[in-house]
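Labels for the chains are A, B and C, by order of writing; each one numbers its residues from 1.
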Amino acid sequence: MDETPGLAREWKKSTHAGKDIDCYDCHKALPGDKDGYLHHKVMIATIVTPKDCAACHEKEVTQQQPSHHAKGGQILASLDNLMGEVIGGLPAVNAGCRQCHGSVVELDAKNMPTAETWPNTGIGRINLDGSKGSCSACHGRHRFSAAQAREPDTCGKCHLGPDHPQKEVYEESKHGILFASFRDEMNMKSKKWVVGVDYTAAPTCATCHMSATQTQGVTHDVGDRISWTLRPPISQKLNMIKLENGDEFDLPASQPLPKVGDAAKGSTVKQIVSWQKRREKMKDVCMACHTDRQVNQHYEQFDNLVDLYNDKFAKPIAAMMEELKKAGYITPAPFDEKIEWTWWEIWHHEGRTTRHGAAMMGPDYTWWHGIYEVAQHTYFLWIPEMKEVVMKKDGNTKFADDLLAKYFKPIDGHDWYFNGLSKEAIDKVRKGFEERYGKGSLK
Amino acid sequence: MDETPGLAREWKKSTHAGKDIDCYDCHKALPGDKDGYLHHKVMIATIVTPKDCAACHEKEVTQQQPSHHAKGGQILASLDNLMGEVIGGLPAVNAGCRQCHGSVVELDAKNMPTAETWPNTGIGRINLDGSKGSCSACHGRHRFSAAQAREPDTCGKCHLGPDHPQKEVYEESKHGILFASFRDEMNMKSKKWVVGVDYTAAPTCATCHMSATQTQGVTHDVGDRISWTLRPPISQKLNMIKLENGDEFDLPASQPLPKVGDAAKGSTVKQIVSWQKRREKMKDVCMACHTDRQVNQHYEQFDNLVDLYNDKFAKPIAAMMEELKKAGYITPAPFDEKIEWTWWEIWHHEGRTTRHGAAMMGPDYTWWHGIYEVAQHTYFLWIPEMKEVVMKKDGNTKFADDLLAKYFKPIDGHDWYFNGLSKEAIDKVRKGFEERYGKGSLK
Amino acid sequence: MDETPGLAREWKKSTHAGKDIDCYDCHKALPGDKDGYLHHKVMIATIVTPKDCAACHEKEVTQQQPSHHAKGGQILASLDNLMGEVIGGLPAVNAGCRQCHGSVVELDAKNMPTAETWPNTGIGRINLDGSKGSCSACHGRHRFSAAQAREPDTCGKCHLGPDHPQKEVYEESKHGILFASFRDEMNMKSKKWVVGVDYTAAPTCATCHMSATQTQGVTHDVGDRISWTLRPPISQKLNMIKLENGDEFDLPASQPLPKVGDAAKGSTVKQIVSWQKRREKMKDVCMACHTDRQVNQHYEQFDNLVDLYNDKFAKPIAAMMEELKKAGYITPAPFDEKIEWTWWEIWHHEGRTTRHGAAMMGPDYTWWHGIYEVAQHTYFLWIPEMKEVVMKKDGNTKFADDLLAKYFKPIDGHDWYFNGLSKEAIDKVRKGFEERYGKGSLK
């Protein structure tokens, strides 16, 4: 340990050191560990997995294993990864995507983890022992601090940037502002860290999604309190189905619920947590500091924004993309046409941003990085590109115009596109404004 | 208060609690309060307005009421809002724009604030009692801390992002760097908080725009020390006209000044604060730490940048847009043509960014997010789009070429566009460089 | 000093004050100083240069003078500056570029520095006494603190933004996360500040690039431990040639090495520091906390990413741009055609970002702000623009198609572009995925 003094000294500051948990306790190779090797006369393994941590932290790992976090590696087998490996390149996937999503750990001829797959502390790492994820994704080595995992920057390792700017939204929000101002009153090292009791100045990401309230315990199943999925092109409310085998999955509210005892995904349904119940869990956190009116009306503002995004933009565009594909105007392959990139960024970047902005009260993200870009790119990129692909095949834009008439025209919010912002239309807006804000109010 | 322990405990940490100012003192419904309701046997109101705060903080509210901040809700009756409501959608305006600008508070059938308009702590909120704004926009509930309002992150709730990245500019500047390094020496909780006396390590936003110096008191009229407006397409120096009725307004330096005693805006001119006087107030802050040469030459660099932006880009483009509209190449309606979005982003996003970058010494914002984008989008988006709209109507680009000849050609800075960066032109630049930096200096 | 109390009080907190180094010690005008003037009866100079600092800090200045930092002003005589002055404008160069790169200090008729060139603390400032740079670029006036210079925000004054987001990459990385969590354990004011000894929680920029380890001293030659240049269009490994006259320069590993004693750049080669040696110096820092496997495999991931960027994108595009220029499809002048801006942003913004992202472990920058944009803009902007310039001249795209066949087709990573993501191609990818991740794994 003299070779890496910083590593050892960090461990000395850990709770582990105080309880005489040393290197070997975590790094010893268990019988059957494929990555064991002889080091200073004992068999050890480089990579410590959630299965190893579960020897002491069983409850936390039992919560974490079926979570979305632990399943982050599923992206490795998705079309997103096809984009990564084919259009980008494997080295960019290794140094990029997989540092958050996790790699599938592989060994070289000497049974050591390959450079392609290690170092990697991705939260959905697929480990050699079958366990999923990496506790050190959040609890940095070799201190393994709970306080550090409660910091917003910890979540910001992955939850930032154009496709899900949660960190940026948080920092803009009142919550983030108060955290920055009062971080010395946050009592981060408190063992229980109950919001409203151990600290009141501000919540961090962990407060709302994982940590204890006066009526709820800590959970390491990070999706537990989430009622909307804001990830896919079209948002849905999500019920959670928990299985007898310890696994769980989300079922969109649009789909029929199974019953407890039904067979599902190779196991049996043990419990159903409705999206309403999940929302109640989140509201319970909010109500440590806010009245129910404040909380309920925040959710109303948030729901309305998601509905606007879904109904005005996401659903009709998704339907038109499908029709373009079926009718042969675009190929079945993803990402080989510009219009596919445009739609991808509308939902995957800007559409997610507006939804996360509204969820966590970062108005700049809801508007400027959100709906503003969704609308601008829909009207001034996506529609012209759709007309172009149709024109290219047919020599006219009839098919595109028909799609717009079918999917956009019935929606009030697109009226200005079809009927123009004529003097008449602006006058109509002016009148509405004047009723609301007084005569001569539109400038 | 057991229901929301965090709220109550935050209040307990406030100066209010120390002075026995409790919930009812601020939340009691005054006679005539439209939003009063019976709660635990007393009439209270959910929303506490500046008028309520003025009961104790009269001086601060008197300064705040006529300020730009308090008038942030005027955007609700502008074409910006038309873009918001029509092209985006009302839910995005509620969760976006209005969280900074403020909503017009409305009541439901039960006299409770509607979810559309509450929660809302927008700085220009239009309250039911006729007062404007929200003190909790900056002084977070329920601590209402002056120290917290002095934090740069507090201003960053609204002053960030593509259209006015003041927070980002500050963070890049020497001022922001020193604040980050020495925040434990900032003495944020000091009552008077006089720059150069109570703290010297760095200024925050509040220091320069609001807080006390050895010769100036605190002001809650946040535009008091501002001499340029950097907001509109074309910047102007601003004189401030203060009225007998307590209101005030900015008058561009290009317009004739009224005299004290003249009638104006339904009242009488009480005082005129020239842009030079406003600038002197700001320089007084700078000179707590900097010599007059440093300060004056900073202003010279800043003024020159604003002039460059105004004269090379904003004025001629604005004039050409006007001519295009008059001649029918583009419709009178805003935002229904791509070229309008391009010009909008040139002045509203990139043009503001370069001006704020220079004002507060964030070179990356002056250059890369500023003039670099202004120039790139002028030459490679706006000009081609102008030629396209003219070509579409006339079948040739003569009208566009004539506009460029009229407005851009007389300006030295556009010479390269008309005469090319020919080998000759580059040689000319090379020669100039060599005179300055020595032979063979251009690589 | 009563005039600027903040300045004086900052100085009082400095090590200088403790050692009785006062204003005059640093500001006295030396014989021959062109900017000396009479102030309170003594000859002083406004600008304190590294040559002045060297009176006490000789070792630091000797390291700093030949460094890349000190040479930041060379950009003033480059085509980048041509873009700045001609396409932007001199005031934007003064308030933008030169605030980081440094200005060439000039005097007015009264021998005082001009507003165009002062205030300026750019790291490559060209001073009147022939010295280069500005110590206060990092050590803020008038505290001149080492602790403050070790803060990541200090480097972030210049190292941020679209063209080199090192600050953003750091903040996303584990290193930055741990710094934010444990900054109170960083022991920033320690005199020696040896990593692994005086602090172990996290490294800052200074830790890796400048500060002491158990076997290395501090260096003010900031490129000392850098083995790749990530700045130019195509990255190269760099050997460093140190000269007898105290100067030094980087020699790409592709070029033949001189021998010690050879004549070079008006002096004689004194020492050669190979890129491998420079990398060993950096690894020595890493190994204060990480095992050699961790460190070596990180470098493997990083090298692979740079090679991917170089070989798949940068080299072939640079070669095609050269051919387009030679064949007269684009002019020899820079920045007068859209395709030149596109290629510029691919390498100068996005290509640098992916390389810095991988170097310092910020996956979002490696991927989303990096290779994702490099690829998207190569395929959907640069290629179409190349076809357009060829079509415009020839009436067909043959020359462009031939270039792509010559430079892109032989590269595996571009196969999808030529042969499509046909159902067959996707099936091939699916098969590969299934071998790796199991049946039915592509969704």
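Assume a contact is a pair of C-beta atoms (placed from the backbone, for glycine too) under 8 Å apart; a residue touches a chain by one contact, two chains touch by 3 or more.
Owing to the predicted nature of the structure, the values given are computational and were not obtained by experimental measurement.
Asker: Looking at chain A with chain C, do both copies bring the same residues to the contact (over half shared) or different ones?
Answerer: Counting shared over all numbers used gives less than one half: different.
Asker: If you fit chain A onto chain B using the CA atoms, what's the rotation angle, as a multiple of 5 degrees?
Answerer: 120
Asker: Round to the nearest whole Å and give the separation of the Cα centres of chain A and chain C.
Answerer: Computed value for the inter-centroid distance: 32 Å.
Asker: Multi-chain contacts only, two chains or more: what residues does chain B have there?
Answerer: Residue numbers touching two or more other chains: none in chain B.
Asker: In the complex, go through chain B and note every residue touching chain A.
Answerer: 3-7, 9-10, 13, 46, 76-79, 81-82, 84-100, 104, 112-116, 118-119, 121, 140, 143, 145, 147-148, 151, 153-154, 156-158, 160-163, 331-336, 338, 341
Asker: Enumerate the contact residues on chain B facing chain C in the complex.
Answerer: Per the touch definition, chain B meets chain C at residues 171-174, 176-178, 180-182, 195-197, 200-201, 214, 287-291, 293-294, 296-298, 300-302, 304-305, 307-308, 312, 354, 357-358, 361, 363-364, 366-372, 375-376, 379-380, 413, 416, 420-423, 425-426, 429, 433, 436-438, 441-443.
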